[in-house]
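Both complexes shown next keep chain A, but they swap its partner, so chain B is in the first and chain C is in the second.
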Partner chain A sequence: MKYDVVVIGGGSSGCRAAKAEAAKGRSVCVVSAGLTLQATKPESEGSVYADLYELRKMGVAVLRGDTVLSGSWDGAKLLEVYTANGLTLQADEFILATGRFFSKGLVSTMDTVFEPVLGADVDFPQDREKWFNADFFAPQPFEQIGVRTTADGHIFIKGKAAQNVRAVGKILGGGRHAKK
Partner chain B sequence: MQKNNESFLNFEACLKCSICNTVCPMMEVNALYPGPKKSGPDQERYRLKDPAFYDYALKYCLNCKRCELACPSGVQVADLIQRAKLQYGSRSKHPVRDAILASTDFVGTMASPFAPIVNSVLPLKPVKAVLDGAFGIDSRRTFPKYSSEKFVTWFKRHAQKEQEKYSKFVSYFHGCYCNYNYPQLGKDFVKVVNAAGYGVHLLEKERCCGVALIANGMEKQARKQALINIESFGKAVEKGETILTSSSSCTFMMRNEYQEILDLPTEGYRDSLFLACKWLYEKIESGEVKLKFKPLKMKLAYHIACHMQKLGWQNHTIELLKMIPGVELVVLNQKCCGIAGTFGFKKENYEYSQAIGANLFADIKEVAPDAVVTECETCKWQIEMGAGVPVMNPLSVIAAALE
Partner chain C sequence: MKMKKYDVIIVGGGATGTCMARDCALRGLKTLLIEREDLCDGASGRNHGLLHSGARYAVNDPESARECIVENLILKQIASNCVEDTGGLFISLPEDGLDYQALLVQKCAEAGIDARIITPKKALSLAPAINPNIIGAVKVPDASVNPFLLSDVHALDAVRHGADIIKFKAVTSFLKDGDAVVGVKTDKEEYYASQVVIASGIWSAKLAEMAGAHIDMYPSKGALLVFGHRVTNLVINRCRKPSNADILVPEAVVSVFGTTSDKVPFEECDNMRVTREEVDFLLKEGVKMLPSLASTRIIRAYAGVRPLISVDSKSSSQADGRSASRGIVLLDHEERDGVPGLITITGGKLTTARLMAEKATDLVCKKLGIDAECTTAEIPLPGSYLKRRSFGAFLSGLGAKKEGTAASKTSFGTKRTSLGAQKTSSGAKKPCSTASLPVIEVEKTVSGIEKTVSGEKKSVSGAKKSCLAVRSVAQKLCFKETIPYAGIAALGRHGSETLKMDFTGEGAEIVCECEQVTSAEISYCVKEFGVRNLNDLRRHTRIGMGTCQGSHCIQRAAELLAIELSTPEKAEEFMKDYLQERWKGMTPVMWGETLREAEFMRSKYSALLAEGKMSAK
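And now, the complex of A and B:
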């Protein structure tokens, strides 16, 4: 199945990226593994509901409850991705919007943090002691952990910039969520 | 998902985030239903301690699977609820009614020879009043019609011979609706598959997939029928044939729930059993099959049935429909129609069923299509009754557009 753009992740950032791409007249597919809220009452709910409702009206293909498991590459170019429901999605461009730890866009183990879908390079302090600050309300270093990107948002795979994959949203790191 | 230490249907992974509750259509209309989080992972802890903690309100679960689609932690919420219903659920207050609604094969076989009589008697007010009063089948519900010639009878009489001129074959699981109520769907299936250059074989033995039996707590019967189907699937796979279906809920039952709810082995056939639209789209995409469509001037609204969304193959159908010239396609926002198989036929559920469906009916009326397209037959009954728009299976649309 071929689209101009495949957005991996259908949260707030993924939906917005999809909307922006669809507004340019490109064909878009959003793969959303959980968390995306359904649009039963778009008018009464927050922006994610409204985004999703609008996406369907714009002709965006929304795959709810499906997960991108992996992709196949030609050098620095991502050709296609494979989903848990057995779909192969090809696209000229991919957008990685899988969020951070809660949505499993990033996974942390005792000694490392990795991005499980495409294996994008993640910046994190090597010394685990430096991941957190004992003062709960102080800025938490783990909140700054995110995928490494070029100036225009393209991810890196094993130190090499990917040609056609950008990252958006929380997976980039930053913010003060613990304090919030 | 972590593999070690995994709890039954992963219920320990629940973080109590309540996202499942926000997407539950039943919770929105029924204050008696405690919602998927409480019914599934929360109460499972209690039920494991003492079955007396089983909550009767679990009967309100539609098994629409939205909770599972929304769960960020991979908890099989709806499966937990279905299994609890089977294991701890008390006897129904309407055992005869439930058996009639669930035993599609038996009722279908009995009704088919008398179809004209059954079809003209069932909609009569006094009959409906009796069904309502004595059995608890709601009188406001429109019943599906029975066909006097079963699909299988038609196939054996008029189509089986022709099939042998093909060199490649698929096996067809037609399902009860196609066989007893609407054989035209099967005829359309045969037409489409033949146009793709494949012959159609029936399975050696076919029983109702059992989705209605599970929903009505008749686990033993469901298991018996499932085993017969699984054996037939095995034989089809041995012959190298893909098993195709036309109904989304049967497909979901046989691919997923045989294993998740009945603990039956599905590995032998799971990767060879598909909805016909997925199979057809992939054949066209790979270039093996070329279909010629004539223009079909219709405005269609595609309704993604709940189990269809869980299967995740809606894009195949959407792309297929887009190939037909002249078709104006609107994809409806995915909302539950509320009937949930036999659920909406029951008197005590009728109001909930219609309240859930109201959202979807309003959307359909706004789009004002010539027909709604969906893979699910019970959605079809509900939408035709609630929105007053004819509902077609995508295969029937494709068959109508074939040159």
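And now, the complex of A and C:
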């Protein structure tokens, strides 16, 4: 399957990015792990439901209940990605919108943080004692952890900027959102 | 300033203090217990939750081992709802060899502990999560105990027998008449007593100093990790000389692994945090015994302080607390320091708290010239019922209660345990004073206990039969529609006290899913235990102690509690305090699934509480 853009992650940031791309007239596919999301008429503006409803109206392909597991590269160019349901999705451009820890866009162990789908470089404090603030209500350092990006939002793989993969949403780390 | 006079004042509401309050009250003493925080705020609520069989001490400390096995068997009987009779294993890893196992089994036999060698294959079938490379295993009667509830029921029984308990009030000074201690002072009030007993764990040193006596104590920090499910259903010990990080205890829906033992300064005792090094060490050692711990979610870490005491000056310089005695220390400050009216009971362990209380109360009675025998080993605690095959008496008791007949005159409360019956037949003492307590008549005598207690032949075979699964009783009760299914977890925790909970209407609504805490249980605890906030409520119910650490339930719980306490404006404060307390335990293990939970908790509550949306509602 070949699209202009494949969006990995169907949360609010992924849906927003997909809408923006579709509005430019490009063919878009969104891979969303969530099975429970229903593309019915939205009850409130700005909800994920609203996003999915609009995406469907715009002709965006939404693969619900599927997850991107990995991809294959030609140098700094991502060629295609592979999903849990066995699909191969090719695209000129990819958007990584898998969120932070809760949505498993980032995975942490005792001593490291990594991005599990494409292996994007992640900036994080080496000492895990510095991942949190002892005060629950204070801003938490782990909310600042995210993938490293170029000025225009392209991710890095082993220190090299990827040509055609951007990151959007929480996976960017706190406060840094993709420039529109 | 008000003035009140008691026979005995106990300072400290931990395991020992509450056991002692009960003992004193049962012996007819006018008793006051003062605790600066909630019950079990110190080490009594920050321990392994292990009801020792004594096997761990059998080799090094036979006296403690004997005390443990006797108390183990007693608690399984008198506090059946607080104890889960899991059984325990001592497993030998290849690097441990089998020499210690042989010694352990021999010493256990000498102490009267039923320790049996089983094959590694059999051990693996009982606990599939243990290291498959073990070369040996010994089965022992270890068990899991809910330390919060154990103190709760002791306190409850003390109050029901006339004791006064004052919580959330610190003793600020001692009242003296010359050298003698004649009472204690809190910020506003004075309480007088013939005897004052310090039962304050590590804080005893400071209190004794305040009263003009001196105890050489040192705090030994024990750090523990809570794993997100029951990795095994048995207590797992490592079969080697007692050392750090070698015991896993299944407790309710989680497992607790530990411990460490490091000397810490007194200043740290009031606020202990588990360090990165402690977590790394515990995990590294734990994986050797139970490989799956490497991939099991750790939900939090906590630490308590052992009140180790230096009987001679040499041991105080020891950095390692393992070699210090864990024995019971009863100090008569009149003889020792020339301070009449003051006694300290310390050392010991959770398992032997009742015995510690007995010894201390004996001394109090001696000082007061009162001749009263200890009955705490025989009279079941509130909620405790014997889990025997036949629970007909229990059920007929329920029937009697439901129909409104005089319950106390039926089989409901007047039957005695075999221990009690033995006592009666030997011609001593008044009848069981816990009239409202449903006790199932024991068909067979619990021979193991009688023999051990009487000190003749030591065998534990009978005790094993005495504890049948609580679930079967629970199922029967549910059949009777006395307690709905929603109340099964409460029944497991509070035993027959569950009958006092009102499960009608909203009472049966589950508030905390992880630990299955219902609205009815919350109402009961607020009424019986003087709950101030969510952290207090947690100790009595286990609310928010499961895998989600409260992130799903605390809003419901806070609102419910605030309404129950008639202070609806406090719901937000309850949540804030609770979240902060949970956070403290989560941060030392904040990676993997716990970091996911943390992010969820933050996104759910930080904005909600920061903007005060709740109070606006």
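In this text, the second predicted complex is superposed on the first by the 167 of 180 C-alpha atoms of A that agree within 3 Å, B and C clash if a C-alpha of one lies under 4 Å from a C-alpha of the other, contacts with A are read in each partner's own complex, and residues count from 1 in each chain.
Heads up, the rule we're going with is that a contact is a pair of C-beta atoms (placed from the backbone, for glycine too) under 8 Å apart; a residue touches a chain by one contact, two chains touch by 3 or more.
Just so we're clear, the structure is a prediction, and the values are computed from it rather than from any experiment.
Taken together in the superposed arrangement on chain A, chain B and chain C fit without clashing. Within the superposed three-chain model, A:L63 lies in touch with chain B and out of touch with chain C [touch as defined at top]. Judged by the touch definition given at the top, the superposed model places A:N85 against chain B, while chain C stays out of reach.
For chain A, the partner touching the most residues, choosing from chain B and chain C, is B. In the superposed pair of complexes, A:A151 makes contact with neither chain B nor chain C.
Of the two partner chains, chain C is the only one touched by A:R100; chain B is not. After superposing the two complexes on chain A, the shortest C-alpha to C-alpha distance between chain B and chain C comes to 6 Å. Common to the chain B and chain C interfaces on chain A are residues 102, 104. By the touch criterion stated above, chain B contacts chain A in their complex at residues 19, 22-23, 25, 28, 65-66, 68-73, 285, 309-316, 318-319, 331-335, 359.
On the chain A side of its complex with chain B, the touching residues are 1, 29, 33-41, 53, 56, 59, 61, 63-66, 83-87, 102-104. Every residue of chain A that touches chain C in the complex is listed here, in rising order: 100-102, 104, 107-110, 128-129, 131-132, 134-137, 140, 142-143. The residues of chain C lying in touch with chain A in their complex are 276, 280, 283, 576, 579-580, 583-584, 587, 590-592, 595-596, 598-603, 605-606, 609-610.
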